[in-house]
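Below: a set of structures, written as structure tokens.
Each of the next two complexes has chain A plus one more chain, namely chain B in the first and chain C in the second.
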Partner chain A sequence: MTVDDVRPLELRHRLTGEGLRLRTGPIVTNIRSSLAAVQRGIALHYASHEVEPSAGFADFHISVERPRTLRRWFQPQVVFRFDDAEPFAPLPGDQGFPMLEWGLNWCVSSHCHQYLTIHAAVVERAGFALILPAPSGSGKSTLCAGLTFSGWRLLSDELTLIEPESGLVVPLPRPISLKNASIDVIRAFAPSAAFGPVVTETTKGSVAHVRPPAEGVRRGLEKATPRWIVLPRYAAGAPSALTVLPKARAFMQLAENAFNYNVHGRQGFDLLARVIDGCECFEFSYSRLDEAVEIFRQLCDAAVHGLRGGTGAARLPVAFA
Partner chain B sequence: MPADPRNLVAIALRQPAAVLQFSSTDWDRLVRQARHAGLLARLGETLDEAAMLDRVPSAPRAHFQAATAVAGAQHLHVRREVALIGQALRPLDVTPILLKGAAYVHAGLPAARGRVFSDIDILVPKARLPEVEAALMANGWATTHHSPYDQKYYREWMHELPPMRHIVRDTVLDVHHTILPTTARLKPDAARLFAAATELPGDGVRVLAPADMVLHSMTHLFHNDELSQALRDLSDLDLLLRHFGRDPSFWSDLAQRAQALDLSRPLYYGLRHAQQVLQTPVPPETLATVARHGPGWPLNRWMDGLWHRALRPAHRTAADAFTAPSLFLLYLRAHWLRMPPLLLVRHLAIKSWRRNFHAGEAH
Partner chain C sequence: MAHEAWSAAGQAGVALREWGDEWVAYAGATGHTHLLSAAAGQVLSEMGRSEQPLTPTALLRVLEGSPSFNANKSVDDATAQESMLRAMLLELARIGLATMRSP
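Then we have the complex of A and B:
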């Protein structure tokens, strides 16, 4: 059963009662919220996600609610709770859905150390994962959204989970978070994409979420082999340029963007080294999304057909011992 | 004593095989309780040691493995940090005594199993405190509590300096000169602790002698006003007692040492509750000896009820209607034992005023 199969009244009933058990890839989260904006956000963005039975095991129990203070009457806020703990300061009252999303990211990045977790968007095509590590503002989410609506499968726009035993990327399909100018860029690029409302004046500026395509959500347990690491950089007016990134620098970029590199110690180093060894690494500056999408299509085709393209020799995906 | 059905963490620690009967709802509660009790990694390692971890369903197992990885990384960091502390104090010819978690890890005791940290505690002689603080500051540790009241609170009344934080590595260091506040009712003589401490090879640090280590663990737990990690502390105690208790002479030493250090009451509570909650094996004659040091009837029944609740995981699935009032009474008790009445009234008044009108630190 998916969220779409749950009648609106029943969805609200679960969210205000014992909680909605939502599956995102390998993670099941019990979500509670009496806020209408959060309920609408879940109905829109998680339409194709599986709903698990109410009893049994959930990885996380969270809620997004109004804090129980007098302030709710004149200047409402929203608070994120992890079980009964409040890991963050409350946010302005209209930021309920963004707070849910940030809270879900936090749950995974600060607890799921069974994975090496990298702050990176990741998409898949032909079984190969394209990892886009980058700080905020680099155009990572824009590029990720562009690829997602051009035949690539969204694995995550924020958290790349690498399974140590296999070296594979584990999907965590969730809404794509777009900021400021990139909201209109993606509206124009993918008119069919389902957007939630734009929430203004967050710490990241204006934020809007985009529903992940249903097919990728359905394939939420299919892992992918890391094949490319690309550091994107959006530069207004710049021509598209894909240049080889030395592997040592790519390694440092991944390590610096990893949330839990320190937790994995020596094994984390070895894992990252194996991932880098199996990947082609590039820097990519761009300003036009359609050009960018075409370049990555060619890159993928070259890998699939084993053809020599302008971007380097295609190789078989690395085997992990 | 039969297991408390609300305290799933204690059930699993007492008897790891019990988890084989757990439903998926039990697993859900166990992981949440263990996470809030700071015992997720310890439970994971306990299940692993009992060859049960592979039989845990994969979803909860992932949480145990994740927590175990964090604890393992912390142990590496603690070892490095301890080496740096030892180095910083070597020119002074001060060999600090590691306390609690850092001691368990450094001495390779079973109580290190899945132990997680928020800070490192060391003990140095009171007479050397100014030099020690200066040497630590010169090596990057800076004091944290800057208000005049906080500085006075720690420096005049407490058994430790205000917590120090390393400006680069962000690690927190508590420097103690004894194991109970200067103003507390019980007055263990720190000189005896230093005299009996055990040298460790290598990093220029020591740990307390076995009986002292156990008594400090009990004193810390049963005088603490903040009990969210009480079950974690009791589990440390359980592992220490099981380890040191294999030597039969340990038990008579323990009772004598408690008497000498004025710590017989914490010893009574420690043995009683370790035995009741975690089934720690304690020789009957030791229990009989310490029973004399417990409170009389009916206060002992009351105290059992309070501690019984405080020693559950700090999670709502383990609480009942009496949990909150019990914790409040134990909070008052901890302060009562920590300071004489007038000082206490003044301190609580200042704390509550600051809590309501300032975002300052509360103790």
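Then we have the complex of A and C:
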């Protein structure tokens, strides 16, 4: 049963009662919220996600509610609770759904040490994972959204989970978080994408979430083989340019962007080395999303047709000036 | 200095990988990972392979034929080379990748 299969009244009943047990990839989260904006956000953005039985196991128990203070009656705020603890300061009252999303990211990045977790978007095509590690403001989520609505499967727009035993990327398909100018860029690029409301004046500026395509959610347990590591950088007016990144430097970028590299110690080093061995590594600057999407289509096609080896380091035969 | 001998810090505690002309090393003692130049990677690799600690002179001898080490050599004078190597070894020791043993 998916969220879409749950009648609105029943969904509200669960969210205000024992909680909605939502599956995102391998993670089950019990979510509670009496806030209408959060309920609407879950109904919209998680429509295709599986709902687990109430009696089943949940990795996390969280809620997004008004604070238990008089403040709930004036200048209302929202708080994120994790097992009844409040790990973050309250946010303005209209930021309930973004806070849910940021809180879910924190739950996974701080607790799921069965994976090596990298701050990176990741999409899949033909079984190959394209990992996009980058800090906020680099155009990572914009590129991720552009690829997601151009035939790539969304694995995550924020957290790349690598399974130590297999070295595969484990999907965590959740809404794509867009900020500021990238909201209109994706609206124009993918008119069919389902957007939630734009929430302004957050710590990250204006934020809007995009519903992940249902196909990717349905394939939420289907892992992918790391094949490319690309450090994206949006630069206004810049031509699209994909340049080889030396593997040792790509390694350092992954390690620096990993939330729990130190937790894994020597095994984390060996795992990252294995991932790097199997990947082509690039830096990518861009300003036009259509060009970017075409470059990555060619990159994938070349891999599928065996034109490029897993350790290749040559420049791609594509260039946009 | 001639009496110094160097080895990779607690051999099992250092992991080393090479890609092209750059190396990445994991220091088990600190949990930190470092990007190394070709020369530093080669030095650390040689120390890791050796069953005995190596003197700077011995390390220079081992590295003589290494293109990556010689590519970075800007001076011919043997004393200056040894001095450069020693500075590199001290830096590797500082970041937990090498240890010096005095006789």
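The definition used in the following text is that the second predicted complex is superposed on the first by the 307 of 321 C-alpha atoms of A that agree within 3 Å, B and C clash if a C-alpha of one lies under 4 Å from a C-alpha of the other, contacts with A are read in each partner's own complex, and residues count from 1 in each chain.
The rule we apply is simple: contacts are C-beta pairs under 8 Å (C-beta built on N, C-alpha and C of every residue); 3 or more make two chains touch, one makes a residue touch a chain.
Everything quoted here is computed from the prediction, not taken from an experiment.
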item	value
Side-by-side fit of chain B and chain C on chain A, or clash	fit
Partner chain in contact with A:I276 - chain B first, chain C second, else both or neither	second
Touching partner for A:H113 - first (chain B), second (chain C), both, neither	first
Touched partner set for A:A248, first chain B, second chain C, both or neither	second
After superposition on chain A, the shortest CA separation from chain B to chain C (Å)	7
Doubly contacted residues of chain A, that is, touched by chain B and again by chain C	262, 265
Chain A-facing residues of chain B, complex	23-25, 27-28, 31-32, 35-36, 57, 59-60, 62-63, 65-67, 69-70, 72-73, 76, 315-316
Residue numbers on chain A that touch chain C, as the complex places them	246-249, 251-252, 255, 261-262, 265-266, 269-270, 273, 276, 313
Complex contact set, residues of chain C against chain A	15, 17-20, 22-24, 26, 28, 31, 33, 35
Complex interface listing, chain A residues touching chain B	26, 28, 55-59, 61, 83-85, 111-114, 262-265
